[in-house]
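Following: one structure in structure tokens, then a few remarks.
In this document, chain identifiers A, B, C and D correspond to the written order of the chains, with residue numbering beginning at 1 in each.
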């Protein structure tokens, strides 16, 4: 496929796979952030980032299949994310009150 | 709803009510548990009254659907094999409760509730006629016993409880697998229907399948029996368990294994059972002699009795796998005998423990001077245990050995060694505990039996004499059932007669 | 047109996402995350998901991120203290990350080679009406369940937050 | 019909009364119950005998089915024939006398009621043994008397030696019972029944091999109960029990049960010649062996104990050579004179305040002349003095032995000489010379002496009064006439008289001589004095290895080492693997995330390699 041909095709719009690729990239960035950051709030934001990446896939597939279900899943994910954010942040507050740190490396009560 | 259902239900109801009684009402819980178990016992006696000798199949049957899919029935019923074992359970539970009266002060409510739950499970195991139901009851029994050992036991109770639990689970998992396999073949868990399908040839197993299924069942039961070399959980569990726990464990729970062998292994897999009999019998005989020898050198009374159980249960397994009428009858009778006499031994050891707070033989001596009646009861029990004629064990041992002699005389020769050794270890222990000079410590801790203790011991002693002197009250219905089992296994008498001749030849 | 908008907002989203991860201060991360969400909302619009795009802006970029910023402020979270990472992480971290990215892209391309094209206006089923219809017919039960979930979350948050009052 | 059950039931009732409420009863009542029940049983035996022509036509009674399972069907059956009748008379008769004696002997003992309860229980079981109509009921009595023997040997249960002796008796007997029970199993598989009548009717037609096996196993049982080589070791130790017990159980009745059983099973033995030979050899060997030990002992009861073993050997010799009736005859006369010897010894011990060592006695003829007189009667009888009871029975056995194999006769004669020697040695050491003990010896009360006098009369004239071979005519093969019977008789009389004379010379005339002889014999004497160290040999060869082996190898080795080791090993392995896997659970969230990521990537790779989801 030569470039001109490709450009011609792009007139029709953007391939869905590009959206999916973007979603994958965002997701990977989220994973990387989750793994390298220590601040619990930032880690939390990386999770949100991953959720958003997944949402994007849902929407892209919804468009692809011309179905509304994907939107609804996204909707539910948002609800869950909102609930999670509320509870999660409340937990962070409590943890911070008890241990005066936001560094997840120090929050390792699960060990043993 | 018939009397059998009532016997199964009463302990369960008692268990639930006991849980609702406030913790503070300690004595009421004891009375309640005793009353309920006695009631159960009385109701269970109506089973004996109503049992019709000579009737075909089981009696007091209830068969209702319990779970729709897969179809599992609440199918219970009794026959000559299970009747006495159920009576044994209901007979011993009140005694177990009564003997724990003062010994258990800590968490009395749960303790007595667990005893009732145990009774529920035991009666259920012996009554269940649906393989799945059987398995459920089998596991129900495990739970209260685990806690009885783990909470109210002695120093190493956790180790013992876990060992007991894991050993038994290891076996029963295999049994579950076998039960499920049978379900895939027969399309039902109903034991009567499965047996029927076997006999009409609807289920045909390959030789390998039959052997594997037999082994799966056998292993579960052999661990419970326990058969050498799967017995090492028993001494630990006995030593650590509270007295009532040891009593129920030795007297009834071990019988679950031997009951299973007779109930399931022989009728369902007759060929595999017969093929595997030689090595099983050898293990049983090793168990008889080995258990006796190890019992002889135990410094701890409960361990000694535990190893003696290994020896005695060896006789039961031996009897079962002789495939003779006498051997099988003797084995079943020996189950009951062992329940009574070893139960009594644990009971009396428990009395000693309550007085002196030690299970070591060496911390006793001269008890006969301080507590003559206790010594006499112990002596009678000891004699029953070593198989003195006119006491119960003799009848069972005689029949088992007679059966073994008919099957293969060499077996009888080696198994009889156990009879000699049993006298060695029991009398030696008796001498060291009861005879000799009375030491100061023993003297001050050895009151004579209390009324409650008499009430516990006398029924057992009475049963020893009754079962030893007039076995005809018990054996005929057992015999009838065993004849059916032998017949189902198509083990015709010519085969046995040949085996008998062979045995005679071997002896020459 | 599509290509332009896609490229622009995809680029913004990626930059912001990288920023979320790389910024030392949580506040910066949070603001970058708002950027990601905003640009995603535009992409949703491109995909014909009007309702979701609005919800994204209102719920995510608005409510959730405000919550984050509240917490950051409340805790006065500063720059995270930096400690040395293990040499394995240093050595393998970045290559592994690139490998992961590559793997995912390769996957997308491999398994979805001939997907269709996204053209604004091709799909109009994402309006509030359609969503609402689906929500109250086919997805009624999950919808109700989410409401319970939200309720639980509220109560949970209150309970957790109450604790610090004692 | 004749209410045979009443015979054992009477002592049993006595046992129940004394055993349960005996502690609260006054001594007179205890005496009455104990003695009365046995005397009544004796009277009932006489009544039954009188009514039934002394068992000439056997009586049979079936009370209830005891054990029934398939073909095994054993009833509680009694069977009375002439042999039973003799045994019943001996047991209840001598039992009554010894009970009366014991009321005097045990008067000052603790646990008086307990003693009589045991004694009555013993009578119950012993009567069961002799009345039994099948082998299993016989076995009931057999084991039951063993139990009572155990209880009575260990009567002074505070003494360790007594209880150990009791255990030894029980366990050694158990080894015998092992043989007996195997004999029963084999018998049942062969004959399909344990009933005497059925077994004896069927026995002649069965192959000799099986009958020999049964007979050998029965012999093993008999050697246990009747203290023959190799299981005789318990009987000398059994003298730890009170003296009436030694007299009743360990001399007159229980220990003869083996002889009784062999005679009872004569049909089987007669068809198993090899076993017969073995019985004779065992009996003869035991007779000599025990007699040599008897020569050296100083404890008066031990002397008589070895004498019992030796005399039981005689009975077995009689049975073995086919002279069953002679064996039973000797059983009876031995019951008379040996009971008397023991009771007399008891009287002597009583007189000497519990002293049993003959070296601390002597000169008692001045203090206890009546005891001396009765003991002289018994000693004459056991020495085979012409006309006494022992003379007839022993002579019958020796004559039969000569008919079987002359060398057996000669060994028997030598034994007879030794017997006369050691019994009279005891007699002289006790009654002649000077008193060397402590305190003042005294004569025993009449409650003790009365039975002694009766027994003395029986010892002297029992052989004439009861001609057992004549009574039992027809039950057993007749005793063969032997050429030169008169000469044989003369030889055995001479041997007995020689023994008496030698003992008189050594222990009355020339009292220095024994010490010189023992010094000359040296090690040999020590060996005999230490009873050939058989107990020690058994200990070293059987008991110690069994106990130590069980402890070290079976318990610690197999049980705790191998089996539990394997079980716990599985547990430890599981724990070890868990310990390694535990490292993953570091508690560090980011490492968890890494693991998840790794897992996801692995999944993707797998999917990619597999060609994706279809």
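The rule is simple: a residue touches a chain if its C-beta (ideal position, glycine included) is under 8 Å from a C-beta of that chain, and two chains touch if they have at least 3 such contacts.
Just so you know, these numbers come straight off a predicted model, no measurement behind them.
Across the two candidate interfaces, A-D and B-D, the one carrying more C-beta contacts is B-D. Note: centroid distance subunit B to subunit C, computed from Cα atoms, is 65 Å.
Distance between subunit A and subunit D, defined via averaged C-alpha coordinates, is recorded as 94 Å.
Centroid to centroid, with C-alpha atoms defining each point, subunit B and subunit D lie 36 Å apart. For subunit D, the set of residues touching two or more other chains reads 597.
Across the assembly, subunit C contributes 100, 104, 107 as residues in contact with two or more other chains.
Annotation for subunit A: residues touching 2 or more other chains are 31, 36, 38, 105.
The chain pairs satisfying the stated touch condition come to A-C, A-D, B-D, C-D.
The touching residues of subunit A, counted against subunit C in their complex, run 9-10, 12-22, 24-33, 36-39, 41-42, 44-46, 48-49, 52, 55-56, 59-60, 62-64, 66-69, 71-72, 74-76, 78-87, 89-94, 96-97, 102-103, 105. Residue ranges on subunit D touching subunit A, taken from their complex, read 585-590, 593-594, 597.
For subunit D in complex with subunit B, the touching residues are 64-72, 136, 139-140, 143-144, 147, 150, 154, 157-158, 160, 163-164, 166-167, 170-171, 174-175, 177-178, 181-182, 185-186, 188-190, 209-210, 213, 546-547, 549-551, 554-555, 558-560, 563-564, 567, 571. Interface residues of subunit C facing subunit D in the complex, by the touch rule stated above, are 100, 103-104, 106-107, 110-111. The residues of subunit C lying in touch with subunit A in their complex are 2-3, 6, 10, 13-14, 17-18, 20-21, 26, 29-30, 33, 36-37, 40, 43-44, 46-49, 51-52, 55-56, 59-60, 63-64, 67-68, 70-72, 74-75, 77, 80-81, 83, 85, 89, 93, 97, 100-101, 104-105, 107-109, 112-113, 115-120, 122-123, 125-126, 130-131, 134-135, 139, 142, 146, 149-150, 152-154, 156-157, 160-161, 163-164.
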